[in-house]
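Each remark here refers to the structure printed beneath this line.
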Amino acid sequence: MKREQLTEKILDIKRENGWTWKYICSEIGGMSEVLVVGALLGQMKLVKPLAKKAAELFGLSEVEERMLNEVPMRGTPMPPTDPLIYRFFELVMVNGPAWKALIEEEFGDGIMSAIDFNMDMVREPNPKGDRVQITMSGKFLPYKYYGNEQGIPDYGFKEA
Amino acid sequence: MKREQLTEKILDIKRENGWTWKYICSEIGGMSEVLVVGALLGQMKLVKPLAKKAAELFGLSEVEERMLNEVPMRGTPMPPTDPLIYRFFELVMVNGPAWKALIEEEFGDGIMSAIDFNMDMVREPNPKGDRVQITMSGKFLPYKYYGNEQGIPDYGFKEA
Amino acid sequence: MKREQLTEKILDIKRENGWTWKYICSEIGGMSEVLVVGALLGQMKLVKPLAKKAAELFGLSEVEERMLNEVPMRGTPMPPTDPLIYRFFELVMVNGPAWKALIEEEFGDGIMSAIDFNMDMVREPNPKGDRVQITMSGKFLPYKYYGNEQGIPDYGFKEA
Amino acid sequence: MKREQLTEKILDIKRENGWTWKYICSEIGGMSEVLVVGALLGQMKLVKPLAKKAAELFGLSEVEERMLNEVPMRGTPMPPTDPLIYRFFELVMVNGPAWKALIEEEFGDGIMSAIDFNMDMVREPNPKGDRVQITMSGKFLPYKYYGNEQGIPDYGFKEA
Amino acid sequence: MKREQLTEKILDIKRENGWTWKYICSEIGGMSEVLVVGALLGQMKLVKPLAKKAAELFGLSEVEERMLNEVPMRGTPMPPTDPLIYRFFELVMVNGPAWKALIEEEFGDGIMSAIDFNMDMVREPNPKGDRVQITMSGKFLPYKYYGNEQGIPDYGFKEA
Amino acid sequence: MKREQLTEKILDIKRENGWTWKYICSEIGGMSEVLVVGALLGQMKLVKPLAKKAAELFGLSEVEERMLNEVPMRGTPMPPTDPLIYRFFELVMVNGPAWKALIEEEFGDGIMSAIDFNMDMVREPNPKGDRVQITMSGKFLPYKYYGNEQGIPDYGFKEA
Amino acid sequence: MKREQLTEKILDIKRENGWTWKYICSEIGGMSEVLVVGALLGQMKLVKPLAKKAAELFGLSEVEERMLNEVPMRGTPMPPTDPLIYRFFELVMVNGPAWKALIEEEFGDGIMSAIDFNMDMVREPNPKGDRVQITMSGKFLPYKYYGNEQGIPDYGFKEA
Amino acid sequence: MKREQLTEKILDIKRENGWTWKYICSEIGGMSEVLVVGALLGQMKLVKPLAKKAAELFGLSEVEERMLNEVPMRGTPMPPTDPLIYRFFELVMVNGPAWKALIEEEFGDGIMSAIDFNMDMVREPNPKGDRVQITMSGKFLPYKYYGNEQGIPDYGFKEA
Amino acid sequence: MKREQLTEKILDIKRENGWTWKYICSEIGGMSEVLVVGALLGQMKLVKPLAKKAAELFGLSEVEERMLNEVPMRGTPMPPTDPLIYRFFELVMVNGPAWKALIEEEFGDGIMSAIDFNMDMVREPNPKGDRVQITMSGKFLPYKYYGNEQGIPDYGFKEA
Amino acid sequence: MKREQLTEKILDIKRENGWTWKYICSEIGGMSEVLVVGALLGQMKLVKPLAKKAAELFGLSEVEERMLNEVPMRGTPMPPTDPLIYRFFELVMVNGPAWKALIEEEFGDGIMSAIDFNMDMVREPNPKGDRVQITMSGKFLPYKYYGNEQGIPDYGFKEA
């Protein structure tokens, strides 16, 4: 059994029952909707109690329940061909260099973690047309300058 | 003159003066830092009053000032090789399908605009290590079902 | 069940019955032919009343009808290998920069929406050989200069 | 001298003089704006009388004038990274199969020429936001079934 | 049913019967061998009378016969990995620029059509080893300079 | 000095003098126009007597003359973006499998050489629009079944 | 039936019987082991008498035997991901330019044929670790300078 | 000035002086050799005191010293064409799935950080030929299951 | 039977029994866990005694046992889309040039073998968060300067 | 200074003097011609005594001589576009799987080294046309099964 087959089965059951993701997530609960949907689509792991609830909801076998608890081989084809997903790709392509400049100036050399990371997506009512509002927060991870255990700090000449 | 040459010149002047982006943005003002930095890096346009301020700050010629006011050929190489930018790419690659599922369920068929879009990036203090917080808001644009001017609505069978 | 399987089934039924797209679209109605055919080929969603009509015409199950009402993962392989589709790709490749220059000069910084977009395709009789006439109209979406809520306009130096 | 160098020179002169494309095209005249701008950007050829006018306007040397009259090595990088051009690419990616189905049903086996082709782009005023209207017309070219000079027609069984 | 499945079935029947392409083409007749073989391999359409003959020869169902009459989604993977096909690819890669220079000088700005095109392939006996002789003829299609309906001709300065 | 620089210089001189390829080839002579133009564009070698004539015509230095006599690193970017060259690429992509089937049936396992190869291109007058006629002839090279020096022939069961 | 399916079947039978390639080749005989193994893996053709022997050894049907006698669509995915095959790829990548320089100096403009080509692979005992010895021999094919039937030779200035 | 130009200058000075990396690192000190060399090759940042030392050693200007203190746009072309670097790439390609399986089993869902990471490389004397020994240590970062602040643990069914 | 099918079967049995890799490796024993897991995932070969044990543990047929003893076609898709594997890829991309510089300076021209190579992975307890520690050791293989059997050594001018 | 610039300079001097590679290699001596030419083309290192001789022959500066002694960043663009080099690439693509099968059967799991490797290329006179004969010999490197220091041998069931 492959994870894609389980995903296809889950989508078939969702369709047959006419369930929404909102309903499914409220039944499984316990984590952000993005993560629960991500797991059902084969990109995330469900911890055991949630895998159990998902299995009950979808009528999955014990082996399928265990597969939902496994870490999948993550990733989807890039560049995205779907317009909705492409817009996020484009944001990275166009704004990436500015994000890099500003984050490094504020935090120093490092990255925003995509692992110790959370995210919320809400509808923002707006008379000109509602908006999708996304809030993300990732831990800043400084590059480790190993061999520098004595901790030479990063100063020495002045900035305006 | 190519836009890359102007970007290189601006970065040289920034380096010679030891300026920070924060200082540069406060001098130019009038728009989000992401956009101002994006323009100076060759991915955005500066409206004329801001291009003028940027030209004064960097001591640019009138022709260079006009170039800052032009819409550039946007885009940077993908997939990003830089770790900081790559993490955003990874977020799209891993979470794209879940975002698509949730946005379409909430808003219907359409996309979050990457054009009528804004974004804030702030430092989120945290005892376990500060976090990068990003808030984005893009207008939802529904797919137009042309030829359906009479407006057949999207209902007809029930959902759970 | 995957969307490709539904598309293959629909094409099989069309072939068995010797139906034309024109006939199919007239039976389903309610939207542009490009959209209806696009949905049957797995690139668009049919709103529920049209999905119902399509299901009746093709003798689909209720679950297949619901799938036609889902937003598919859009996109087809690029560059196109089929000569008919490639010619459109070539038009973008050769004329894209000129379109960008002219649209930006007329409308300012922004894009023509590919979402709030409609299109007509008609036969244009011509003694030297009939022509394919395509009329497209997409909403212009100006880039939002966020952080510029006070609205600094884009002028400041003169143009010829 | 390479064509890109001539394009860069032309853009420099345009910027120095603060000219618009509209002004440039009205000075050169004689052909659609998309073609004249395309030629100045290095994707099209200007016939000699127009190359002469362009040379006078931009103060080009005779050799540069001759280069404008040459057919360039056409084509720009794909997929486009610029959002404005990408939207056209996306239209082909999403709608290509439906266009193919409908054109072939209406015209038979063949293509819409991208060579014997014309195009107009106008602003379509609209209270909800102006639109970009594009009208294209390309000659339909039927696939030649060589070896079939006696002309076996394409019928033999009926369609609904 | 997919076109590849029909191609596979046809090749199976050909193999079982030990037929040559020459025999098959003589049975179906009415068009060039390249086109008939191309259609049986899924790259071309057979007009109805030929599809009928092909169906009789191979014992195909009526639905399979109709599929042979459909325009397929043309194209095969590039670059070709097969040495025989690669040599043609290499000819384009190495000689393309010279062909472009010579065709444009002789005919003006335009292309040789790959649609209104025919081709013959014969064995050329040669004491040093027989040769493959290919004769191709494609209609020259001049680029249309639209907006130039008054017909500004392409002269104005002299050539040696 | 790189071969591209020599090509650029040659094209500059051709443009300055307003020479045609026909004129250049008649001056250099001794080989097919496709090969002479190919050499001047950096894809072929000119044998010494021709390199000498080319050097005299273009006023090249002795070192440049020697470079024309060198075998260049052949090849141009693929897939071709230029429409004229792309049409040849498309012919290979669409017809390659049929060519393979027919050549192998006629000649056995092997290839048509792209090295021991010649080619002619002429204008074919035609009342419906002149055509480009290309005649190619390449030596057939059979795959060598080494280890089979005793020559086991390829027969054993019958074909229709 | 596809060639991959036949290859998979042959490998299954080899595994079930615990046969070595050496054994298989000695049973089929008549050609180099590289070619026989290549054919069984789907990259080469077996001439009829060898296809017959292979069919007897593996217990293949007559149709499968005929498929072994067909020229396959040659080629495997590149760059190779398997380390053993990659090392050969690397040899070409690193040494290709030197091979080109030396072969062209020795033989003139042309190529070493990959078709009229043979190859031997033997174990070379060596106290520091045995070595793989490969001997290849390909016919040199000179580029044909067509249009030069009178045979202008390639001399005219002296070399050291 | 671009970072590549600074790297080229540094390599020129190293070559002129016949310095080794070991000597250079001992002069600059304060961090692992991999990081110092990485910074001089344009992939890492040197903290200010080290940038100062590097500037003194290489006789760099103050602006060049500041550039060494900047975070570069990291990344080099992949797949690596150089055999030494390729072997590391191959290790990831072949062993990646096993590393994933074992790390996830030991640590749970997450990654080994490539940012909070250190590394040592030493020569391991060995009578059969010395070996390169590399020790790497990266912080394990668990995937954050946001929306699960109450902390549902990952157990519920037993494992062998 | 394909190796992927065997891998899928093994993973199914592992899941059904709720086994860990640690348990599986302790049952099979005899080699590093990375290698045993690699073999079960289709990237390595198990020597016969271990293949036997694996077959007993998983209840495999004799043919499946033999397949585990075969050298697979190694390699997985690159660049890796899974975040855990990507981090290793990134380490190569960012640090590759520094590794090359340091290894070549220490050992001379050559590579670290990815074949005569071993590796250990252990958990490194750390109060700030445990770390993944990886120790690798590969034999250094000097480039052979063939044709230099007399052994010209690599010295001749001095280094600092 | 970049290695490509040195290569270009060396080729310029070779051309000006009308030297052959044979002459150059006889002057530098001490290693195989493939390696010496490879080094001059920027793919190999010359040991110091040879770098000295090369520097004397070409009149290089001391710094250029040192660069010839450096290990370059090896590798050239793949797939090769030049026909001569492509034929070698094709040999790997078509024969790679058979080589893998035969080498692994003869030597066990491992690779033929591309580092401890030598090669000879000679002209093989042949009345049907001379041939290029290449002899390669690379050390076989067995995959190390680490964790198996006790040396479990690879036997246990019999082979035919």
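For clarity, chains are labelled A, B, C, D, E, F, G, H, I and J in written order, and residue numbers in each chain start from 1.
One rule holds for everything that comes next: a contact is a pair of C-beta atoms (placed from the backbone, for glycine too) under 8 Å apart; a residue touches a chain by one contact, two chains touch by 3 or more.
In this text, all values refer to a predicted model and were calculated from it rather than measured experimentally.
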Exercise. Listed by label, which chains are in contact with chain A and with chain I?
Worked result: B, H
Exercise. Which chains are in contact with both chain A and chain F?
Worked result: C, D
Exercise. Of all chains present, which has the mean Cα position farthest from that of chain C?
Worked result: J
Exercise. In whole angstrom, how far does the Cα centroid of chain D sit from the Cα centroid of chain I?
Worked result: 53
Exercise. Which whole number of Å gives the spacing of the CA centres of chain C and chain E?
Worked result: 29
Problem set entry | Rounded Å distance, chain C centre to chain G centre (Cα mean) | 48
Seminar exercise, completed: Going by residue number, chain C touches two or more other chains at 18, 33, 35, 44, 66, 73-76, 78-83, 90, 93-94, 97, 100, 104, 110-111, 113-115, 117, 119, 141, 157
For this session: Kindly provide every pair of chains that touch.
Result: A-B, A-C, A-D, A-H, A-I, B-C, B-D, B-H, B-I, C-D, C-E, C-F, D-E, D-F, E-F, E-G, E-J, F-G, F-J, G-H, G-I, G-J, H-I, H-J, I-J
Problem set entry | Complex contact set, residues of chain D against chain A | 79, 81, 83, 86, 90, 93-94
Exercise. How about chain F: which of its residues touch chain G in the complex?
Worked result: 30-33, 35, 44-45, 47-52, 62, 65-66, 69, 71, 73, 97, 100, 104, 109-111, 113, 115-119, 141-148, 150, 152-157
Exercise. Which part of chain J faces chain H closely enough to touch in the complex?
Worked result: 1-2, 63, 66-67, 70, 73-76, 78, 114-115
Exercise. Inside the complex, what are the residues of chain E that reach chain G?
Worked result: 8, 12, 15-16, 18, 80-83
Seminar exercise, completed: Given the complex, residues on chain C that touch chain D span 17-23, 33-35, 37-38, 41, 43-44, 74-76, 78-80, 82-85, 87-107, 110-114, 117, 119, 121, 123-124, 126, 128-141, 157-160
